Structures are given as structure tokens and as C-alpha cells.
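Each structure below is given as C-alpha cells.
One chain, chain A, appears in both complexes that follow, with chain B as partner in the first and chain C in the second.
Up next is the complex of A and B:
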């Protein structure tokens, strides 16, 4: 008996700079089994309907990371996204190239910016030349050392995170989730000798532009959880060097603000982040807001039992304990 | 229905209208809010960046306060919701738990991990229920097209926040429909408002906020609504900067979620603190067709 099929409608982004003045969406309708991966469907379209459709792919097994694209507006690997649930949810399957990278043709993007950020974090071991790794035996790590890598070694550099990232979209100085997850992997590697240098570099190199929106963590097909490793990098950078940037000063200032009264003191925080002169720069906007919301300049009340907060800080924020 | 009410810092100070509207709506729907003056700030994601375990500990203390009273905890801020929920998750890591317990036990505080953290949006949709809300609507917001703006931490990471799909939620839109408004679907509704970098790089924050507002506007929204007072700060109080960043007039009124629910249930603009917004809301409120029309 033939397997049950569904009629699947695909609206595929098409753009060939040699002939098209603007992108368009081309509709294809195929009868397919619900478990068919989007990639298989696209390859069938190319083989049977339209040989001009361009896309990038290789392994078809969610290992190579080549076929990341936008499937119904989400950054996904086409090879592991089945059509059934997509049709059930959206009635059709809209396939578009990844965001945040220029389109070369159809679903193929120019990944130069993505790989440039990857190279910028120098994703390789930096060893002490005076203490090379032994050539005659493997080096070993303790289970605790291995645990610190978290899920970062699983990254297949598919760029789904980069495509989903609103910080990449808004600010070219942000290295992107994948590069930072890779950086984390080398920062916690016990063999690497450039830990401090890497942390100092990234503290001033866009680390604080992460919006912690967690879209990368949702998008990652390998559960690398980049947004959480970026958080780790922030804490490690402050521990290694202190707070040197607006972002880190804001985080530390916020932490201190709560120690005082248990609640946020908005004015005091602005001063801590920008310094007294920077505070002056915020005056115009502050006045605008103050007219409607006079509380912005008020000192918040002290919570009841605020001394408990101070004691928790005394136990856990001595500044001497290593982060995690 | 009774909750430990966790208003968060902003709703107690510059975002007081959110607290006003929440109390009004909860009174109207029979949700009892129990106050605890010893609740501290959740850390707003910033304390987490500086010291993760410390952040878990201050939130475990908050959760322990609700636990002692035998109550689940109600938030009215996406970021508070995210931070308190993450604390619940991180406390399941034995190493984190040991350090947190070590700091709390000497204070006579123990958190056993039994408190459910829930946001007003979820309570309205899942516990009060949309039919019950629909039955109490006195002035359906017919004719008002609203772009819901969720706030990241209410949704993601999806694995921890549970609830609904972190990239394709619909609870807020369902609620908007129940109160008679027309929800508008746009990509920006699940995106970042820019707040986390407001004090890191203002131009970037403004660009991000401007994009989301423009997106809502392009999809026909007359107003936006958010369950997060931090999103409200960037979208409303800093909208003038967003306008500069994207080079366009936006004129987008932004409501707190309970303000719109309150309007539909018959509250006056004064009772909801609508005059405290930077972008005037009158034109949006006037769009609502008189009932029976």
C-alpha cells in the first residue's frame, strides 16, 4: 500500500542577481510524505521541477551544517525539519535564505561576515611554546575540566544562530553567537594559555552587545545554548579584568545597586554606568521622562529584611571565588 | 485565586501605572494579590551577567518567601518572570544549589523548590480563562489594531520557560481577541526591544526598538502592548530616540498589558495611569468603537 502523502505548498525565495531586479517567491506544490525533510523536498523540486534552484547542502544528516535556512521564519537545518508539522501549523512552507548575510542567489548566502567573526576569536589552542604538548602520549583532562566545555564542542557552525540574532542585525560590532560560543570553548580549555588575553579582548570587542534574547539558543540545532555561554563569558571577563566597558559597568553597577536597598536605584545606576559626566549627557532624556514619571529621580524604598541581601552578598560576592 | 504578588522594581517606581492597572484588573477578575515587602529585585538579567550564583541566591530568597506563605508567585514583567523561572531551574543543579543553600541557611532561609512562577498573561489566559474574561468585557476594544510585544524572557529559552513556542507564541494575541481588539502579527513581536543595551550602546538599542515599532506599524498596528515594563521603557519612554535612529515619525502608543484589559473591563484612563506615558494614548483609546455601534 502506498504511504499516505500530503499536498505540500512551498513558497521559495528566488533571486538571481544576473537577471532579477528584486527577489520573488516561487510556488511549488508536491505530494510528499509528512516526514519528508524540507531539504529532500527542495532537492526534488530541483531535480523534477526547476533545475535552476540554488541551495547549499551536503550531508543530509544534520552533521555538516550546510543547509541552514529560514523555514517559516525560523532559522533551521532544512535536512532535519520535517514538512508535516510545518504544514499543520502554517498551511504552507515558506523557505528563505538565512538572515544577516547577503544573498548570492536563491537560498545561498555569502557567509564571509560569519566566518570573519569566527576567525576574529582565534578558535584554536594557543599553547605556551616553552611547554609544548607531549608528542608521545595523549594529554588528559579531568571530568570536571571536560564538564566546563558544556555543549560548545557540539557546534557545527551552521550559522542558524547568526541568522536569528537581532544584535548581529543591528550592530556590526557584535561578533555573533557562534563566534562567542567558540571563544568560550577556548577560554575554558585548560591547555590554552591565552585565557586572560582572550577575555580582555572580547570585553572590549562587542561581548556586551548581546541582547540575551535567547533566539540563538532556540535556533541552535545542536543545543549549544550560545546565549548562556555568552553570559558565562561576561562573568569570566569581569572576574579576569574588572568592569571596563559600559556594559560590564552597568552589570556590576546594577549588582551593587541591589546590595544597597534590595531594589534598583535607577538614577544611581545611570551614574555608575556613565560616570558623573555621562550622567549629564542623559539629562535631557531624564527630564523628558521625569515630567511624566517623577519617580525616576526618587531613591527607592529599602525592602524589609534588606540585611538578608547584604549577607547573601557577603557569602557569594566576595570577588575572590572563581565563577562556577 | 491567590498569588504572591511580585511587582518588580519598575512597576513600583517609574512604571507605577503598570502596578495600578494590574491591581485594577486583578480586583475586577477576583485574583487576590498578597504583598511581601521583603521581596528584592530579580537582578533584571544584569546581576546574572555579573554573578550567576548570587543572582540565583537572591531569587531563591524571593521564592522562599512565597513558599513559606504556601503561594505561587505572580509576576508582571517578562524579565522578572525569566529570572525567577531560571532560578528555579538552576537550583536543580546540585553544585549551584549547594552554594545557594550555603548562603541562605545561616539566615534561616530554605527554598525547597515548590513555587511555580507565573506571569499575569499566563494567569489570564490559562487560569482565569478567556471565556471568563470575555464575559466581563464591558467595552470591547473593537477597531483597535494592537501589536503584541512579548518581551524575550517570558518566552525563551523555550526549554526552560515552557508555556509556548518561543518564536511563535499566540497567548497574547488570543487575549487581545478576547477583549475585542484586533491582534496584528508581525516578526518583531517576539524580538528584543533593545533594552539590554540601552545603557551599553544607546544608538543600537534605539535602532532595535525603532525596527520593532516600524514593523508593527507596517502591519497596521494602531498601538502596541507589552507584558514587560522594561520593553515599555524602550518602546515608550525612549521612542523619541528610536524615531531618530530609524529616521521616521513613529507615534506609536504602547500599553502595558493590564491597561488594555482594564480598558475593556470598564476602567477609566485615569484608573490605569494612561497619562503617565510619554507617547500619548488618547488617539488609540478614541479608536475604540463605542459599544453597540
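Up next is the complex of A and C:
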């Protein structure tokens, strides 16, 4: 007995640069089992209804990274997104190309910018000629050292993170989540000898443009958690070099302000972020804020029981459990 | 016309390793691939890569296991070379940056695999292919070469008896281009999509094999098709042999670990041909499970415990959960054999040389042969790297002394004219329909168990499909990412190759390794310990045979 099917409506983004001035949506309706992957459905459309529909796909098992696309407005791998839950939630399945990459045709995007960012983090082992690898045996690496890579070796470069990232959309200087997760993978690699150089490079190379929205982690089909690795890179970069950028100085200033007074000293934070001279550059904005919300620029003071906060900081620094 | 000294087609592990070798030899190298290199099907390999590196293991045992696994059809000189290269190859990949799983002492972790006398399969969780692919691509990325990504190979150009270049189709621009080359290395992977039930990616359509065959190269041992015992029901997604290597059980509907009947010593860890036949035999005897997606048996991991299953078989957990709605920590996985690997391919020697000057092949596209009639798990990743390097070196050497290719623009027009005709038809055959019918034919008539009547019927159907393909029609008029055109090119390739598989299987009246004839159930060393060579002729593949190379291992009956 075959499984019961549902009538599934697909609204698929179509665009052929040779004939279309703008994208259009084409509707296809198929009877399918609820566990059918979106990719299988699209391939059935290609085979049985419309061979002109274009998309990237290969392994159909979430390991080649080819078939990332927008399914009901989320960046997903079409091969591992089942139609049943999509229809239950949205009534239909809207399929569109990934974001942040120009559309070449239908669901196929130009991944040149994505690959360029990947290249930019120099994704290869850098070795110090003075510290050659053992000639005829593998480098020793403990399971604990392997743990440090976290889930980054699982990355399949599908670009779902890149597609869902608002910082990529807003700022061409931002390398994107995948490239930064890849950088993290090389930074923690015990064989790599350019750790400091990599961290110094990225601190000024767009690391702090991450908006910490975690949409990349949400989109990642392999649980690579790029936003958490970006956070790790920030900590490692400050530890290696100190805070050199507005972003990192802001982060350190924020932490210190809370530690010292128990609340945010906005004036001090601006000075710490931009420096004494840079403070003048922010004067205009400061005045505007003062006029609208004078309490923000009020006299700094220490909250009562600020010593409790110091205890939390001390506990975090030593890695022990924070006091209840 | 584009020109390079060495052109590698295919950018999986074999192609990348060939390219690296040729670049390091100082040649101007181009890589042509239908997928971005990181999307290659090598990345789907799960279980691991074999190398006898431990003090307790030995290269000789690896050689013996491979010879026995091949059912004595592997060339023993090539196998000896292959197994000796294993250790250095794995060390090199580690130095390139590959992240392997580790033992507590910091050495490379190893797991048990089918048909192996020792746990010698080195791995990276259950995504070893991906780990190697990343490691090699990121190493190759530090070198100078030209990448033509998302280009489809359509033809090899042969002039004065030697291969001097190729024609490929740039999907993005919709243009056919001629690439002149002193040496061409084919590393285009398998043609698993000839079958409907296959673990292979959609892109595994044997383009290199078909182009080599058309150019006059021999295809060797094409009838030897490996069916992996444990593919996920319905989708045929691979469930690694590592699942059994880590201690997984196979059970039938009576709850029996039925492998005790077929391989009393090693049970689930017999070689793949043995386990696949056992599963089919159990199902035919009525001891399978039945469901809307066909018959199956159970692969059980529950007794291994959540921690082990989720750490060592992380991807398998994801596949089972996403594609079958099964949690392998608490439930059995429904599995059935599916096409997985082609032992056959473009005939080469250990240096990747074919019978055509200027043409080299490596990886699954090639047949050296080290796998003979049945490949052992963990030997294919190793093959891509060992022989990819050899082919790259040989191609570089040849390019150094070869004269510049003598091609002209008319060659391109001549090559492309028949393909252009597909788009100008107002009526004709749909390539997807032909492909689907071919897959049904091959699944039904050229599967795990074969017999004369089935093979004749299969051959009749494949030939009928080939005749219909003469009238194939491409309806998509767009230039950009015209997959309808790609479909047609690939389907044409696969139909040609399907014919060589069936013809080879029909002729071989014995059972050896993965080739099981119910009408000839015994291995027949006197008549059939030889390689099948298929060469293209006007009326189909013309078969001849070549001897198997022997060194030290006398053929014995295989018992696991």
C-alpha cells in the first residue's frame, strides 16, 4: 500500500536573462507523499512537466552543497527539506534563488562573490619552514585538539549562511559566515603556524561587521554554527592582539564599563571605542542624543552592590561557576 | 581556442590529485569540471581510507585482502603497488590539512571494514570523503592552474592517433569550447545513474568513460557493478559500511542475524558482494520486511549506544532522520542494496596510461584493475589519490615531449553540429524519459543476480533506447544553464555505457565477485580469469580479453 499523497502547490521563481525583463513565478501542482524532499519534487517537475526549469543539484543527500535555495523564504537545502511541514505551515511552497548572489537563471545564482570571500581567508595550512612536519608520519593530534574545530569540518559550502546574512547584504567588506567559519578552522588547527597573522588580519578585515543575529547558524544545514565561531574569532583576536578596531574596542569597553560600574557609561564607551580624538567626531551625534534623551549622557556613577558583578566577572575569567 | 599542456577532466579527488602532480611537475594545467570541485561526488564517501600503518597490521595483509576481495580478478602487481603507496598517501593528505579522527594517543583512528583482516580504515567521522576533498582542494588552491567550473565534457578530439584535446560546454555562457591539450586526464567518476537505485549523485553519468569509448579507448570489466548492501530504502542514500564496522547488525524479519548463514566467520563484515547477495536472498526467501517502498532488512545500531552512534556516525544519524524519519539511536534503519560503484572503467595501467597516446584516466572512471570483480570498502578513496597522482605524473611527462595539438576551428563545428541538431527538432524523444526507462531496464535485468534471459531482454531494451536516442530533442531554448541539453548529453553517454555493461555481463558465463549469474553459479578460472575489454564498433561493443597479472597469490575459494 502506497503512502497517502498530498496535493502540493509550488510557486517557483523563473528568470531567463535572454527573454525575461523581470522575474516571474510559475505555479506547478503535483500529488506527492508528505516526506518528499523539495529537490525530488523539482526534479519531477523537470522530468514530467517542464524541462526548462534550471537549478543546481547533485548528491541529493545534503553533502555536496549544490541545492541551497530559498524555500518559503528560508535558505535551505532543497534535498533535505520535506514538503509536508512546509505545506502545513505555509499552504504552498515558494521556491526562490538564494539571496546575496546575483541570479543567473531561475534558481541558479552566481556564486563568484561567495567563493571569493572563501579564498580571501586563505583557506590552506600555512607552515613555518623552520617547523617542518614529521617527514614520514602524520602529525600527532589528540581527540581534544580535534574537538577544537567544533563542527566546522562539516561545512559543505552550500552558502545558505551567506544567503541569509544581513551583514553580507549591507557591507561588501564583510567576508560572510562561511568564510569566517573556515578561517576559524585554520586558526585552531595545531598544524597551522600563522594563527596570529590570521587573527590580526581579520580583526581589521571585517570580523567586527557581524551583526550577531545568528541567522547563519539558523540556516546552516550541517550545524556548523558560524555565528558562534565568529564570536570565538573575536575573542581570539582580542587575546592575540588587543582591541584595535572600533568593533573590538567597543566590545572591550562595554565589558569594562559594566565591570567597573555595573552599568554602561556611554560617554566612556564612546571614548574607548573611538579614542580621545575620535570623541570629537562623535560630538554632533552626542549632542543630538543629549537633547532627546539626556539621561543617556548622565553623570557616571557606580550602582549599589557593584561588587556582585565583579564576582561574576572573576568567576567567568577563571572559568568556574558564577555565584548564584 | 583555449590551450593548456595538461587538461584534467573531473575535479574530485582523482582529478585534483592528478592536477596537483602535473602542476608540481611544472606543466600548465587546466581542470574542467561539471561541478565546483568542492561539490564533487568524492565528498559523499563516508567510511574511510585503507592503509596498513599500524605495527600489528601489514601491507601484505592489505594486498591479500584486496586480491581476495577482487575474487582474483585484480592485477596483483598493481595491487601491490597500490597497497604500498597507502601509508605515504594518507600521511601526505594529513600534511595537506585533512582533519582525520584521532585515537587518544594522537595517532590516526582506525575502524574495521568489510573484507579486511584488520581494522585499517582511517576515517574522519563518517565524512571521510568530504574531509579529504577539503584538504586536497585547499592544498591545490595554493598552486597556479586554470579552473573551468561547471563545464560539461562532450567529446575527446583525436588526431593522428593521439588525444589532442576536447570539446566542452560552458553551462554558464552556453558556449561550446575546444580545449587543446598535449595530455588529457579523465577523472570523471562513475556512471552510477545508469541505474535507478543507486547511491551515486545525479552528476555521476560517466561522461569521461563515454568520451574515451567514443575516442577508441578500451573500457575494461564493465560488467562488474558493485551493489552496496546498505542503502536507505526509497532514496538509496548510502549508509556507510562503517556502520557495520562500528558493530552494527543486519537482521531479517525473523529477527535473525542472517549473515551467520553466508559468512559464518565475519558476519556483517564480509565483502560487499557477499552481503548484498545475502540480503537479496533473504528477501527472496520471504524473510524481508515489506513496505510501500519495497522490501528491506534492518540495520541495527541501537545496541552501540547514543554516544558512539552520534559521534562516529553523525552524518548517518542526519540522513536517517531527514530522509527516512528514523532515529538510528532508537530504531533500526531500513536498508536494501543499491548500485554503488563501478569496478570497471577506462582501461589503464598503474601509471594511468590508456591505449590512446595522450589519454590518461584515474579514480572510479578508470580500471587499473585493483578492484577486480569486487572492491573492498576503504579502497576507493585510496585509489583516487594513488592513481590520480600517477596519472598526473604520466600526463605531465607526456606533455613535456608531445608536440602542440593540431586542431582547427572546423573540428569544433564538426563536433558540435550533431548536438545542435537536437535543439532544432520540432519533435523527438525526451532525454529524461529515455533516462528513466534505461534505469528501469538496468534495475530489473542487470542487477545483483543475472541470467541469460534477463540479460538478453536488457540488451534488447537498451538497444531500443539507443535507437530512440537518435531522435533526442532538446526543448529548452535558453543558453544559460540549459539543463535540458546537459540531460541529453548525459543520457547519450549512459546509454552507450549501459550497452557495454550488458554485453560484458552476457558474455561472462561464470559468477565472480559482483557478477552473479544464476545460470553459471561457479567461478570458472580456467575460462574467465581474464579482463573484459570493450571497444566501440559500428554495431556495438566489440569484446576481447586480456590476462590478469599474477604475482604471489593463487586463486582460492573465497570464504568470509
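Throughout what follows, the second predicted complex is superposed on the first by the 301 of 324 C-alpha atoms of A that agree within 3 Å, B and C clash if a C-alpha of one lies under 4 Å from a C-alpha of the other, contacts with A are read in each partner's own complex, and residues count from 1 in each chain.
The working rule: contacts are C-beta pairs under 8 Å (C-beta built on N, C-alpha and C of every residue); 3 or more make two chains touch, one makes a residue touch a chain.
In this text the structure is predicted, and so the values were computed from the model without any measurement.
Of the two partner chains placed around the shared chain by superposition, chain B is the only one that A:289 touches, whereas chain C remains out of contact. In the superposition on chain A, contact is made by A:136 with chain C only, not with chain B.
Contacts of A:62 after superposition on the shared chain: chain C is touched, whereas chain B is not. By the touch criterion stated above, A:47 is placed in contact with chain C alone, chain B being left untouched.
Once the two complexes are laid over each other on the shared chain, residue contacts for A:270 go to chain B alone; chain C is not touched. Contact with neither chain B nor chain C is seen for A:318 once the two complexes are overlaid on the shared chain. The touching residues of chain A, when paired with chain C in their complex, are 1-3, 16-19, 35, 37, 43, 46-48, 51-55, 57-66, 80, 82, 104-106, 108, 111, 115, 119, 123-125, 133, 136-143, 145-146, 149, 153-154, 156-157, 185, 189, 191. Residues of chain B touching chain A in their complex: 9-10, 12-16, 37-41, 43-54, 57-58, 61, 95, 99-100, 102-104, 106-107, 109, 152-153, 156-158, 166-168, 187, 191-192, 194, 196-197, 199-201, 204, 207-208, 211, 237-238, 240-241, 275-278.
Residue ranges on chain A touching chain B, taken from their complex, read 73-74, 89, 166-167, 170-171, 208-215, 217-218, 225, 227-228, 231-232, 234-235, 238, 245-248, 250-252, 254-255, 258, 262-264, 266, 269-270, 273-274, 285, 288-289, 292-293, 295-296, 298, 300-301, 303-306, 308-309, 311-313, 315-317, 323-324. Against chain A, the residues of chain C that register as touching in their complex are 35-36, 38-41, 43-44, 88, 90-91, 94-97, 99-108, 124, 127, 130-131, 134, 138-139, 141-142, 172, 201-203, 235, 237-238, 292, 314-315, 318-319, 322-323, 325, 430-433, 436, 475-484, 487.
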